[in-house]
Amino acid sequence: MGILEVRDVGKRFGGLQALSDVNLSIAENSVHAIIGPNGAGKSTLLNCLVGKLIPDTGSVSFEGQSVLGRKPHEINQMGISRVFQTPEIFGDLTVMENMMIPCLARRDGSFSLHGYRSLMADREIVDRAEHMLEDMNMSNKREMHAASMSRGDKRRLEIGMCLAQEPRLLLLDEPTAGMARADTNNTIDLLKEIKAKRNITIAIIEHDMHVVFSLAERITVLAQGKPLVEDTPENIKGHPKVREAYLGESSGH
Amino acid sequence: MDAIILQILNGLDKGSAYALIALGLTLIFGTLGVVNFAHGALFMLGAFCAVTFSSLLSFGFVPEDAGSTSVGGFSFGALQRETPYVVHWFGENAGNAIIDWAVPLSILFAIPVMIAIGVIMERGLIKHFYKRPHADQILVTFGLAIVLQEVIKYFYGANPIPTPAPDAFVGSFDFGAMLGFDPGSIVYPYWRLVYFFFAAIIIAAVFAFLQFTTFGMVVRAGMADRETVTLLGIDIDKRFTIMFGLAAAVAGLAGVMYTPINSPNYHMGMDFLVLSFVVVVVGGMGSLPGAVLAGFLLGIIEAFASMTEVLDVLPGINQIVIYLVAIIVLLTRPRGLMGRKGVMEE
Amino acid sequence: MTDQTQQTATVTQPRPRTRSSGGILGLTKKDFGLLVLVAILTIFAPVILNPFPAGSAMAQFNAGYPDLMQRFVIFGIFAIGFNILFGLTGYLSFGHAAFLGVGSYAGIWSMKLLTLNVIPAILVSVIVAGLFSLIVGFISLRRSGIYFSILTLAFAMMSYALAYSVLTPITGGETGLQLRASDPRIFGGELMPGMTPRATLFGMQMQDSTDLRFGAWTFTLNTGYYIAGIVLLVAFYLSIRIFRSPFGMMLRAVKSNQNRLNYTGLSPKPYTLAAFVISGMYAGLAGGLLVAMDTQVGAERMFWTASGEVVLMTILGGAGTLIGPILGAGFIKYFENIVSTINKSTLESWFAFMPDGLQDAFVAVIYPFVGKGWHLTLGLLFMLVVIFLPGGLVQGGSKLATVFRRDRKGGGVEDDAAAQRQAREE
Amino acid sequence: MTKTNFTRRGALKTGAATGAGLALPTIFTGAAWSEAHTGFTNAPQGSTVTLGFNVPQSGPYADEGADELRAFQLAVEHLNGDGDGGMLQTFSSQALDGTGIMGKRVEFVTGDTQTKSDAARASARSMIEKDGAIMVSGGSSSGVAVAVQALCQEAGVIFMAGLTHSNDTTGKDKKANGFRHFFNSYMSGAALAPILAAQYGTDRKAYHLTADYNWGYTTEEAIRSSTEAMGWETVNTVLTPLTQTDFSSYIAPVLQSDADVLVLNHYGGNMVNSLTNAVQFGLRQREVGGKQFEIVVPLYSELMARGAGENIAGILGSQNWDWKLENQLGDRYSGTNAFVQSFGQKYGFPPSQAAHTCYVQTLLYADAVTRAGSFNPCAVVEALEGFEFDGLGNGPTLYRADDHQCFKDVVVVRGKENPENEFDLVEIVEVTPVDQVTYPPDHPQFAGGSLGECNTGA
């Protein structure tokens, strides 16, 4: 039994069957990649996992509990954090403030006026946020406006914010999309480091095979809304079906 | 039955005005992403184009043989009776006919004036606010609206100015006789019918323009995705300027033709402003058909809410029906009747 | 939940100092400085606003009389509250005047039925406005952006239309509500027939004043004004605390990125609703103070233009800044009340020293902009401010400050929000 | 033009302070506007007295406000002995001699009511608190009049109402410090009824469109009760929102009913639009059961008539006063010509009834002060209560003590078919004499208020 279990999930948009009969099991403490050509249904699947979309059929459960019908913030509270294709951070806030929000959210779980204490007076939260910034190697950018940072830094901040919540499952949606090679490598190193240091399951949706094969322990290939095959990276590399459906088109990697 | 037909006609007529104003407002919202609080002022300026044109036509001189005018035994400086130059030049009949047809004729006057005003507004002011927050757009266009209406007030005063329709359109058309009801049971004023058909033509023209010309296609593409169109190397800015001019002209023409229905005054724009925003939003942001549909829908609902039969059951419903409908629509359809996702939602 | 906030506000002692916090009253040094500045301005307003000797030609510009000072303070409170919603969360409500109006009606009914003491009246105003804003907010916050604005506008316009017509028995309709000697007041005893009921605070009447005269200058110290002033300081202090609290940060997070907030396990709605209700209560407070200072209420104060006015005040002063809304409120109220009273004879007396022709020319040029033309001046100033000072008046102030203090690096607290706005545009 | 110095208060304080020594502040405690040592608010000291003219300068009634302001300026001129003296010569009380009020030169301050009760009160308070006005006058709506009247009562200054027609002003909202010269809804009804009966017969079916606020309610009630008393039937009454601009959906049902008279209880922009719409729908040409369809507008105003243009032709209504009164109906209405003459000379066109009532109110106040020999509001109230006068354009008039309402003849007018110019749009049909429009003070339409006692503000 994996930490995340997807059973027979199907989703239809009008005339388009975006997902059908998707079965997926992500083992605890693994790095699991989901790959597939454009339009294979990767993003739809991800959105079904985090509550942004509700599948028409099937079930999704996290640690034995169904996530269906829950709102994104509730699913997040169950222990699933998501990193977006374009970094989603609080651009108007400083880096430190960005980091404090997940720290606060983790403590309170749901809405609270958080008393009237001054923001900086809450030692526990401040310490946790600063610790996390150190972990992410961003302490020197503490007071910067988040929006004014480079894309790589934004990505790093976003991952840090997700980790600050101490999730058990981290979902990454094409984390290196649009990045320069150097930034991509940094991100790969960061994720490896995270995996090494923490008890965490990582699911990654990715286009870039370099990233996938550097990180993933298991790979699921989606094509036309269906899981084509699931196996280890070594086996996937030589799998004829995958070659046919996917690698043939993605020329180069 | 005939009462209901009459109210539908009334609703269509009110709706014509709403739809025309909302159409222009949506062009600006949708194409430029600008919250234009000065749009009501453009409607008002259109109406005052008609007023100005009429008074230009009536502009005259005091005949030398007139002698001193005395009214009720007093002589007042301001009360000299003038002979309009138009009458002087074209003779009694032709001259008076021209004056009589001042409102329809002022369309010709209003189109270039309103386009010019729109283009100047866009180039001179609005252009610099595309990337500013909506709040700043509201502040600057609201300021502009106040300035425009105060200028009109300075020259024309605060009182409504009667601007009658041509004599040919005075009176009513008897639908009753046509449809087999008793004669006289369903009569509708000619000018209001003119207004309705005029609005229909303008709306059709705007849609045809956007649908069938390459210019319109580019603008529609720009509405959907401005960046891509810019990447294609098309100078979308220039087109947007023209769209602003067009929207101003639509609002202005709506104002010109409205003058015989209600005497124009300097604050008529503000009276319509809030309502037109409600119409646009109920129609759905960024949707031209939505704006038109919502205009007519709200017009008809307003007409029905003012019937005695309705008021007896729900006293005061006529005061709030538009807002009530707006709330219900927005709660049941998140983006209005036909709104597009992501337009003005943040 | 908001009640709880206010309790905490009064009960919580400043926490042990930490690195960057501390200071007095739980404020940082900068924020405390700002509070002191506002306090000084409030206390000395009767002097500061009356810079011209009473007899001089420039006395027209004096604003230090009770009514206008009260309005500065009350609309300042209104705008501060609005800024908590709009400045922090970015939700642009176009119906806040409804809460002010409802607060006013509740307040006057409290004075009609309960007691002439202003404290119950103000409390009732705040509570009723809070409840009303809870309902309106709960419904309106189901939508965002322009859809939210129109929903709030629709609620406010319905309130106005009903108050002016159908609800006349409760609201007095066109003629509004005033206090009467014959009101069935529970506490405070029957007034003698013919006596004028007046709002009081433990025996002090709101319109009591003390005139201070220094030579040619006269300064009016008014009881009602100082009571309103104290409320302003409390309201301002609370708003600083909200801005600097984790809650305030959450609100800014709502404005910045709702999506991320959702995926951080937080639903934005309770935060926005809390902000909406708090700002609605601020509006109710302002409405209650309005009737406490001037015991009448008319439905026009709920018309959309009144809602628009507070939006303009906030943007004009600088949305998202602490002191901006107060400046914006003062700016608009000053023009409404001072420039509108300048008439042709006033102008003529100003330029009386000039030769006749020149005098006429000056009068002719200026006349359209004053008196009945005051709207024109206001409209022009809106445009000028927003064109040249994108961060509002606060930005203008900090620009001035940097001109005078070139050595100082960076701006103060207040520049932040203004600068941020500017940054986003680029 | 006169050069005026508006800050009387400041000037006198300079004097006071010099006496007290420059370094020491002088402190007076009391109500904001009270001069502790004189016993009443804003007691004029020195050689001037300040009046506050609070009129709409923005919003839909701005033109009416402008006309009121012209009249106020003219009245001040006349009081100060400038110009031709206007009605001072015809006024039955000859207490005023053109030397200001009790020898003090009259100065004035102006403000903008915006036709909003809040703004009007703010403006009036600025006049009282800042400029030291001892009397406030003007206004163009009943909402404003009631709000400002209550304020003046609290502050202890006199309020001389401008144009306000609702029964409430001197009915349920009457105040001891407030006075109304203008007529009211009841009087319109009482004045119109006999003339409507004479012109249109007693067997008529009336359809009312009524503005949905206090003034509309009182007017509808007044017209209904007086027309029903003479035999008319009211077939329907419909309330229309104040903010309505297009009345077509209210007019159309009139065509469906069997009504043969439409009564438009509307004022200002509402009236201009509803009348224009009614005429558009052909109601003027309509015949019902062999009777010509008629439209009635209870309260006429010159500016509204101008806004409605040719649509007013043949429409009956009532007015407080008309500038042609004396020429057409003789010297019962003396004073009219004197006023029209000096107004017309100064501004080039004839005055409106709003201008007239404001001018007269200013004179009446000045006269009452002079007769009382004091600016003390209570003395002024006493002098005005029960005051009978003539020569101010309305014929013999009584300021009734019970409710501070003026009782005088009411003019019934009709829109001219072919007006020669924009200032001469109505013709006088008849004048309903004062006894027919007088009602007992406890009339049900005026119930529920009490004057209270005059307040000096001390």
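Which chain is which? They are A, B, C and D, in the order written, and residues in each are numbered from 1.
Quick note on the criterion: a residue touches a chain if its C-beta (ideal position, glycine included) is under 8 Å from a C-beta of that chain, and two chains touch if they have at least 3 such contacts.
Since the structure is predicted, the reported quantities are computational estimates derived from the model, not experimental observations.
The chain pair sharing the most C-beta contacts is C-D. Remark: the per-chain Cα centre closest to the mean position of all protein Cα atoms belongs to C. Averaged Cα coordinates give chain A a centre that lies 45 Å from the centre of chain C. Centres computed as Cα averages put chain B at a distance of 35 Å from chain C.
Each chain gets one centre point, the mean of its Cα atoms, and the points for chain A and chain D are 74 Å apart. Counting only residues that touch two or more partner chains, chain B has 315-316, 319. Of all residues in chain C, those touching 2 or more other chains are 161, 164-166, 375, 424, listed in ascending order. Each chain pair that touches appears in this list: A-C, B-C, B-D, C-D. Remark: chain A residues 50, 71-74, 76-77, 81-82, 84, 88-93, 97, 100-102, 104-106, 109-123, 125-126, 145, 147-148, 158, 161, 165 touch chain C in the complex.
For chain C in complex with chain B, the touching residues are 86, 90, 92, 139, 142-147, 150-151, 153-155, 157-158, 161-162, 164-166, 304-305, 308, 311-312, 315-316, 319, 368, 373, 375-376, 378-383, 385-387, 390, 421, 424-425. Of all residues in chain C, only 1-2, 4-5, 8-9, 12, 15, 18-22, 26-28, 241-242, 244-250, 252-253, 255-257, 259-267, 270-271, 274, 420, 423-424 touch chain A in the complex they form. Within the complex, the chain B residues that touch chain C are 35, 125, 128, 131-136, 138-140, 142-147, 149-151, 154, 270, 274, 277-278, 281-282, 285, 315-316, 319-320, 323-324, 326-327, 330-331, 334-336, 344-346. Across the interface of their complex, chain B is touched by residues 58-64, 66, 212, 236, 238-241, 243, 245-246, 248-250, 252-253, 255-256, 269, 272-273, 276-277, 280-282, 285, 303, 306-311, 323-324, 327-328, 337, 340-341, 344, 348-350, 420-421, 423-424 of chain D.
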